[in-house]
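All chains are identified by letter, namely A, B and C, in their written order; residue positions are counted from 1 within each chain.
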Amino acid sequence: MTQALLEVQDLHTVFATKEGTVKAVDGVSFELSPGETLGIVGESGCGKSVTALSIMRLQRPGKIVGGKVMFKGQDLTKVTEDEMRDIRGREMAMIFQDPMTSLNPVFRTGWQVAEPLRLHHGWDSKKALTSAVQMLGRVGIPSAAERARDYPHQFSGGMRQRVMIAMGLTTTPAVLIADEPTTALDVTIQAQILDLLRHVNREFGTATILITHNLGVVAGMCKRVIVMYAGRVVEAGPTMDVFAHPKHPYTWSLLRSIPRLDAERHEPLKPIEGLPPSLVDLPSGCAFHPRCAFKVERCSRDVPALEPVGDTQLSACWVTQAGTELKGA
Amino acid sequence: MIGQSRVAELELPGAAVEGASTRPAQSYWNESWERLRANRIGMAAGVLIVVLALIAIAAPLFSLAVTHFQPQTIDLGATFAKPGSAHLLGTDELGRDTVTRLIYGGRVTLGVAFLTVAVSLTVGAGVGMLAGYYGGWLDDILMRLVDTVLAIPAIFLFILMSILFRPTPISLALIIASVGWGNVARLVRGEVLSVKQRDFILATRSIGARDVRMMVRHLLPNVLPVLIVAASLGVGQIILIEAALDFLGLGIQPPTASWGNMLTNAESYFFHSFWLVIFPGVTIFITVLASNIFGNAIRDAFDPRLK
Amino acid sequence: MLAKYVARRFLASVVVVLGVTLITLVLMDRTRGTYVPGIDLNPSLRPEDIARLRADLGLDRPFYLWYITWIWGVLHGDFGRSMIDGSTVMSHILDRLPNTLELTATAIVIGLIVAVPLGVVGALRRGSKVDHTMTVVSVAGFAVPQFWMGLILILVFSVTLEQHGLPWLPSSGAFSAVNGGDVLDRIQHLILPATVLSFFYTSTWSRFIRSSMLEVLSQDYIRTARAKGMSERRVVYLHGLRNALIPLITLIGLELPGLVSGGLVVEVVFGWPGIGKLAFERALQYDYTTVMGVTFFATLLVVAGNLIADVLYGILDPRIRLA
């Protein structure tokens, strides 16, 4: 087993709001191996983006109040801001959801893509730009040399996302974090971008964390997946296993609520009852228990720890840890 | 925005996601009023304006009961008196009492300001609503008209008009309003355009409501916050303009007192009676300041996001 | 695409100018009939004199003819003649215009130099004591009457200093009549009026920059910039400010009429020989035609300034330049 490239240990990030302290990330732990593709899946507000931002120490105005982020032997929560800046954009890159607003409208794309090279490698503009144009070509932008002189608004949505990806990869980082990279795009373009991410992962060996609320995206792209709910990891494991036999009621309910080609024709979709909890005022014990069809008495008392369930999966559920299979009407 | 309808008792599901409690949603106006009341400085400013207005209205009472002077009473034996017991803030070159003149001047200045705002708002809102609601060529023409009116440097125009028309408080108000409505029209048009897109307008239209009814009953309440803010901030700006005109000698003419024309000959007072320069100016400053603070407070109350 | 944009803005400007001509002429029309501005000044005007005056001014011709003649004149640089002494308005304007431009340009420059750093600081240190102080000062700055501020500054920096034998600043004119006129002398005369004129705008602009910066700094591309690992300074000043300054250009354009208006008052208070003071002097003499000519010219200045601002905006914002 290879040494983990990135190891998040019991991370806690909070936000102070008028209504109270929001525990956006409430004890999240996971590992990322070199070259691996990991998906982080969950509903809006479950803390997946904040987790990613915390890894990059971009979580302001939130505060990291506990845990460690081990990367190449360093705890990123403890390094200085200067050291962190050195890592950001060079060893770890992040791309965001909306490529239209994520690129600076007043600078040319080539210049923006080349910027990390000028900043981190100290290259002069010409050398950096040449490399940037090459990268733009490799992510599938035709006539890259001319296009590099264009501004972001002159690109289509899909092309802009390619530019973002190129920008993240210019320094061949060890880790690429993609926060909902396809959510703002048309379905057909989504597939292209996912292809690109897969291709990039193979060709550059960049470990990729893909954050999304779309299970289909994860299925197509990630070897492993972690499922988050209310700021906590509720399940983790190889994607195929988790999808085939989920070991947490939340994952199980999620999978039943999406349309599937192999479902019975007249089976209705089963949405999850209830509402996601307020992150200021979490339920006692397991955060999911108010909406859980399998809950037992212990669920409302004790917060379940993430433990192995089955051969390859981890699950934070008293019920499945006790050996119960998840089946239902 | 829900407008004035009584949706106070609706429980909005999904509010739980953000961690907010499921309080019933208050009407927009109530919420805004609450926010305004919480802003103590803003409220103080508002109270100050009301007080000043009341004093101005009750000017004759004041001069009778408090200062015991008339604004036009000349007393050549007491010219340039220092502030003291006889004349609280001194006298000017004709021995007229400063305090009394300030109070009566307030009457004129505030009167012109409020009248101007009233006219500007009415005309501006009307034009803005028509332009925004109907769009098309009417919008183009009206907005070109606004552009034109706003392009002329105001003071030049006012000077020009004061040659043509005798500057009485009313004519002065109309002169200033003849330019002022432009900005209001733009503001209102902007609001109308953004409200027009909202679904409830389409819904109301689809049940066949007539244009005028649409404008008055549905657009107007939504445009009102913008108007109120514009009014409050406008009072301050107009006071400054009016004072400048009076100062130049092209507005309210002496012997009628106004804060501006009390400063017309200030340069000659400098050496010996500099307080005559200070007091009217400070009065203008405080009044405009209060109007601005109050206007900002109202704006923050209606739309706290803008902070 | 820039050419198209500029052409559109230019066309809009022309429309506005035409509209202004109509307005001024409607005002002038007021003088048709037997009315002659300033008639109350000189009750000894005989009917023949009045008739002659009006004939000179072309007031007895049909309106449209008059309008066309006037436009024709303007296109040739003829802005009319004074009612008092018959001198051409244009000659007076040419005489005084450089002074007004000098004053206005200096005021704008001062305004920018002060407002931009203040606004940026306010945005970066939002909610801090510095920010609150600056907001208070700004709000106060809006409320001060320009003419009064001028008077007070003269009082302090000219009169009082001189009285106490300290070096003092001149209180009127653009340069000293006696052995003056060099750069230093002109600067001395320029300081007070330019400060007064710029004060109001410094307040407005710094608040605007502050809110523009705050908005820009909350944009996604700022987050991207930080994620690329650059220093916060670079994020704020290169990626942020560049975007925040663009709307300021439009604001300045919008405030030009006010700036020119304010210029008039400042010119009068400080005896600054510009076109504003010209209009004022002539207004006191009821020299209607001169005032109108100057007003129209001042409007042209404003429209031209706006056009320049629009073009600048188009150049600086690539979304416009390459639509």
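In this text, a contact is a pair of C-beta atoms (placed from the backbone, for glycine too) under 8 Å apart; a residue touches a chain by one contact, two chains touch by 3 or more.
Since this is a predicted model, take the numbers as computed values, not measurements.
Could you let me know which interface, B-C or A-C, is made of more C-beta pairs in contact?
Of A-C and B-C, more C-beta pairs in contact link B-C.
So which chain is farthest from chain B, going by the mean of the CA atoms in each chain?
Centre of mass proxy via C-alpha means gives A as farthest from chain B.
Report the inter-centroid distance (CA atoms only) between chain A and chain C in whole Å.
Averaging C-alpha atoms per chain gives centres 54 Å apart.
When the centre of a chain is set as the mean of its C-alpha atoms, what distance in Å lies between chain B and chain C?
Centres of chain B and chain C (C-alpha means) sit 23 Å apart.
Listing for chain A: what residues touch at least two other chains?
Residues: none.
Two or more other chains in contact with one residue: find those residues in chain B.
none
Any idea which chain C residues touch chain A in the complex?
219-221, 223-231, 239, 242-243, 246, 316-319, 322
List the residues on chain B that touch chain C in their complex, please.
Residues in contact with chain C: 144-145, 147-157, 159-164, 236, 240, 243-244, 247-250, 263, 266-267, 270-271, 274, 277-278, 280-281, 284-286, 288-289, 291-293, 296, 306.
Across the complex, what residues on chain C touch chain B?
Residues 12, 15-17, 19-20, 23, 27, 30-31, 37-38, 139-140, 142-148, 151-152, 154-155, 159, 211, 257-258, 260-262, 264-265, 268, 276, 279-280, 283-284, 286, 288, 291-292, 294-295, 298-299, 302-303, 306.
Quick one: which bits of chain A touch chain C in the complex? Just the residue numbers, please.
Against chain C, the touching part of chain A is residues 56, 58, 84-90, 93-94, 96, 98, 101-107, 115-116, 119-120, 150-151, 153-154, 164, 167.
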